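Below is one structure, written out as structure tokens, with a few remarks after it.
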Amino acid sequence: MNGLKFVGHEEIRIDGKPKITGAAQFVDDLDFGPGLLYAEIVESPLAHAEIKSIDTAKAEQMPGVVKVVSGKDFPFRFGLYMHDRFVFAQDRVRFVGEQVAAVIARDPVTAKKAAKLVKVRYRELPAILNVEDALKPHPLLIHPDLKSYKHVPWFFPQANSNIAHWRKVRKGDVEAGFKQADLVFEDTYTVPRYAHCAIETHGAVGLFDYSGRLTVWAASQSPFTQRNLFAEALAPLGLSHKDVRVIAPFVGGGFGGKAGVSMEILAAALATAVQGNPVKILWSRAQEFYNTYQRQGLTAKTKIGVKKDGAIVALEQTLHWDAGAYVEYGANVVNAAGLSATGPYRIPNVKIDSCCVYTNLPPGGPYRGFGYSEFLFGLESHINETAKKLGLDPVEFRRRNAIQEGDPLTYGSKMNPNGLIECIDKAARAIEWSKKEQSENPKTVRGKGFACFWKAPAMPPNASSTAFIKFNEDGSLNVLVSAMEIGQGFQTVMAQIAAEVLTVPLSKIRVELPDTDRNPYEWQTVASHITWGTGNAVKRAAEDCREQILELVERALGQKREDLYLESETVRSRSVADFALPLRDFAINGIMMKDGTYRGGPIVGRGMFMPEFSSALSDAETSQGGKPNVHYTVGAAAVEIEIDKETGRVRIPRVALAVDVGKAINPGLVRDQVVGGLVQGIATALYEDMRFDAKGRLLNPNFTDYKIPTAMDVPERVIPILVEVAQPDGPYGARGVGEHTMIPAAPMIANAVENALGIRIKSMPITAEKIALAIKSKR
Amino acid sequence: MPILSEFEYFKPSSVREAVRLLSKHKKPAVLAGGTDLINNLKEEIDQPDAVIDIKGIKELSGITYKNGVLTIGAAVTFSELLDSRVIQSRFPVIAEVAKTVGSVGIRNRATMAGNICSAVACADSGPLLAAYEALILVRGSKGKRKVLAAKWFKGNKRTDIKKAELVTAIEIPLPARRHAGCYVKLGRYSGEDLAQASVLILALPGKQYRVALGAVSPVPVRASKIERLLNGQHLSDELIAKCQALIPGLISPITDIRATKEYRSHMCQVMFARGIRAAASRFSGNGPEYGVNLI
Amino acid sequence: MKKKLSFVLNDRKITLEIAAQEVLLEVLRDKLGVKSPKCGCDRGDCGTCTVLMNGKTVRSCIVLAVEADGQRLTTLEGLMKDGQMTPLQQSFLEHNSFQCGFCAPGVILAATELLERNPKPSGDEIKEAISGNLCRCTGYLPIVEAIANVNNALTPPGRERLGKKVRS
């Protein structure tokens, strides 16, 4: 891949200037004129209850109130992978904060005041607030109609239970594996719920105009998926997909939280109740915490069998996920984790049970890492303990078992080309793994921790990306895609790919934000698949342009097609040295012939990518067969920490993360994903968690008590290491990296704490308090 | 989020006018930095009929030092305390406390007077004023009064202030010709946080010490028992350990989502040991720089 | 009851009538169309609503609009002179300091205040100065690096990057 002029270079991000000058518009920055209405939600104060009655009369009488709606107005179910969710609660509420009714008013103050006047009577039901209670024999059923819910074919709901999906993996013979092992041991690890904490809360504006057109402006990672779900859910109102339009301006952070459809359904539905007026719904920070997706809690029982020489021969993983009240998206997190819960290791005998369990807590859903951060906390902690018991160096132990190209995956198909060993070695070297660090301060102690990671995009086998490229008169171009710029820099990466093919500099390329009317289809901006999938589509669209250009030059000017090529925005010929035709001379208006007629016309390219080799169908009892994952991105991370033995505080002098990105289209942007992702991951290990009281109410729905890191709480040095073992079907060999950078953080920290203190902490987060009290009780 | 309730807004230019407005209204609220008040208005914790902004009152805006007494006007922000020459030179521990309050954008607005009027148990100014034996200057329609810090705090969010009274200033007497101090605050991380426990220590000539603890009781705790043990004595490890052992008996920490009472209690002892050593060494002129986080 | 107030916003004099309970952030955004200050938490925790009042950062979500009477306000919109980004803004661009950009207006103003007081801050001083501005994307190190580089100060160690090939 030598001679690349744009790909592989650290181009400045093309969305930088709008963001740094304040020009970038986010959804709440858009103006909708004096007709704009405001919605306020009436929420359930109870975790589990039957709705007996809703009295809206008083609210309706308040001057300025336009309409009050509730479940009876929208008796529709919806969901991404399983239809278990409602626009508004119907006969019962299932978590504290669930939307029961909405007041639409001419101004936000009136909406808020009127919402307080809506009287809802409930009959309280026992709330199930943890997985153990949900799994007891003959439990109270949170979704009694579960069996009738529509869902994707790769989900397996269990009748008369709170298990919405059970992913079973059976590979080899796990019992035989344990018998053959020299050492078998098991332990249990727990991970609480976490919040995405994008600084922009969710917001959406819906307009159902008098022609019957529904437009929704949303802070969204998933405009097309939203269009699809809106159209499906509201189909009874006579809407078809063509009538629904989703426009997504800049998004103030996603991390998975703005994927799929959560509160946006309200903007779509409410708009239909006030035809002709746009209606805005903006989540408060508190609502952002308790009524969007949360990262699901996990209780993981991990049992491993190893030989004395360090070969892992068997692994059993029992993963119980606290998935919350609705699992239409979260169940796929459970599924993805179940398929990959071996971690990046070659293990012949595997038994995995990954159970998606309903609870009366807020809905779980996608969060950067999609289940992998959660199970890797336990698995990579366990791997470290195993190495210790065997007397092996934990890095060497991982190295011996690292998965390699061609090794069989849990579901039978083969591992893709990868640089895991290179990542392990480079991450270890970056923090001088074998050097024991002595602390100068007698009150502190140093330790080092290591973790491997992997993750595949969790996507339906037919998740597709498309791209249009339109040339302009001056040879500049607009790239139309419907992936979302959520900060990762994807616009710049797409521009680099188009630039590489078309030899047009980035200063002449715009990549447009999604509008489902104008931009072509994209499944969602999730799964770290955009550089790979959308990148392939953009590359194909650019190649389509190039073919049109060269074909036109051949046809109009008689140049030999096979000699023609593009260089610096100009068509040149290998056989005719002085032939040079700038793109701007014909990209829109064509090439004039001697007789004054023209050939050609506006150059518009089209590209599409769908992984046609992927299939989610497999045996329900073993998961064998199919190819549910398109490929894995792998890597390793290592950290040095210093712990204050009295306070329990952790300082991070250095941390390294090596990841095999296939090909870094923009190495600077990738390295900055490593920095940001690691900090987000380290925060889940050290500071953050969601706390609920005995009634299922979230106790810390704010930044005062849900502590996301400030500039003073980051590692002193972050060392990103990019390994490039090409992904054969990726654009220029690239594969995804966005989520992976936070996945190894928690077990890496746990392992470093153990290394420093000899104390194994098996529940996240590993706060200063937890460490200090553990040291105290050990004494 | 809009503020739902309506109120009248006044910006008096004299204390007398402010006091008159306070007595005239049924449920007045005083606005200085607003970092607590505006949130309380939004959450409808406070629903005043009048908001009286004291930032237009000149006499409340200064920091003065005269005859061994530092006077901090009620409208003085924490940023102004940090920037004050006289505080940096004579009362550096006040700046050390100020630096732990919120972050710049909060400190540019928030005031020490507001901090002690909100009087949450975790207020950073509490142990500081307790240790300095500061006086809170209050003006009402019937005149002025001065309240000793120890008598000011009546409970979590409760103070000695009476209806229609205004805090005009805080007086901090210089405790000795030369003194040093140390403030150690427990947060969940290094960035902005509310104190889960705090320890303030003053070191005075003749091996005299003052010790106050914050956020581990509804009101700041002056640890006189510890002071008696310390005073005049050489700071040995044994002595510090003896003092540490007294701490659990002096405080009544709670368990909440910020910290458990066990950790708060443990950390008070750790913070005391580090704080007393830092204060003592600062007194001898070789301690850690003010503002350095000791935990 | 409406109150009349006037203030200077980004070098322009503004006079308007508002109710006493109106919050500065909402008046700026909804009445004056100044959209760079954002609402992130609505209680003074996140700093994305930061504006400069007389050159000092305040969190406009916890300031009453009436308090702006007679004051000088600056938002991100008022930083550029003659359409040119400030050296600080240019440095942020070159260091890929922001990802989603939602916290950027607040961070840039916080850094502006810092550099005004302290043109060559240390890494720790920078971190302290922007610690009231939450950013979930970047891990802060690219922000710190950009601020440190404005006045050709040394790059604090933190984020390792290869040599940048900057083109435009």
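By written order: A, B and C. Residues from 1 in each chain.
The working rule: contacts are C-beta pairs under 8 Å (C-beta built on N, C-alpha and C of every residue); 3 or more make two chains touch, one makes a residue touch a chain.
Since the model is a prediction, treat every value here as computed from it, not as a measurement.
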{"item": "Higher-contact pair (C-beta pairs counted), A-C versus B-C", "value": "A-C"}
{"item": "Per Cα centroids, the chain farthest from subunit A", "value": "B"}
{"item": "Gap in Å, rounded to a whole number, between the CA centres of subunit B and subunit A", "value": "44"}
{"item": "Between subunit B and subunit C, centroid-to-centroid distance (C-alpha), Å", "value": "29"}
{"item": "Multi-partner residues of subunit B (each touching 2 or more other chains)", "value": "1-2, 4, 103, 190-192"}
{"item": "In subunit A, residues with contacts to at least two other chains", "value": "284, 704, 709-712"}
{"item": "Shared interface positions of subunit C, touching two or more other chains", "value": "42-43, 45, 128, 131-133"}
{"item": "Residues of subunit B touching subunit A in the complex", "value": "1-2, 4, 103, 188-194, 257-260, 262-263, 266-267, 270, 295"}
{"item": "Subunit C-facing residues of subunit B, complex", "value": "1-9, 11, 31, 34-35, 38-39, 41-42, 51, 53, 55, 79, 102-106, 108-109, 190-192"}
{"item": "Complex interface listing, subunit A residues touching subunit B", "value": "108-109, 112-113, 284, 644, 646-647, 649, 686-687, 691, 699-700, 704-705, 707, 709-713, 767-769, 772-773, 776"}
{"item": "Complex contact set, residues of subunit C against subunit B", "value": "1, 3, 19-23, 26, 42-45, 47, 50, 53, 56-59, 61-64, 66-67, 69, 110, 113-114, 128-129, 131-133"}
{"item": "Parts of subunit C lying in touch with subunit A, wherever the complex brings them together", "value": "29, 33, 35-36, 38-43, 45-46, 48, 75-77, 80, 85, 89, 92-94, 96-105, 108, 126-128, 130-144, 157-162, 164-168"}
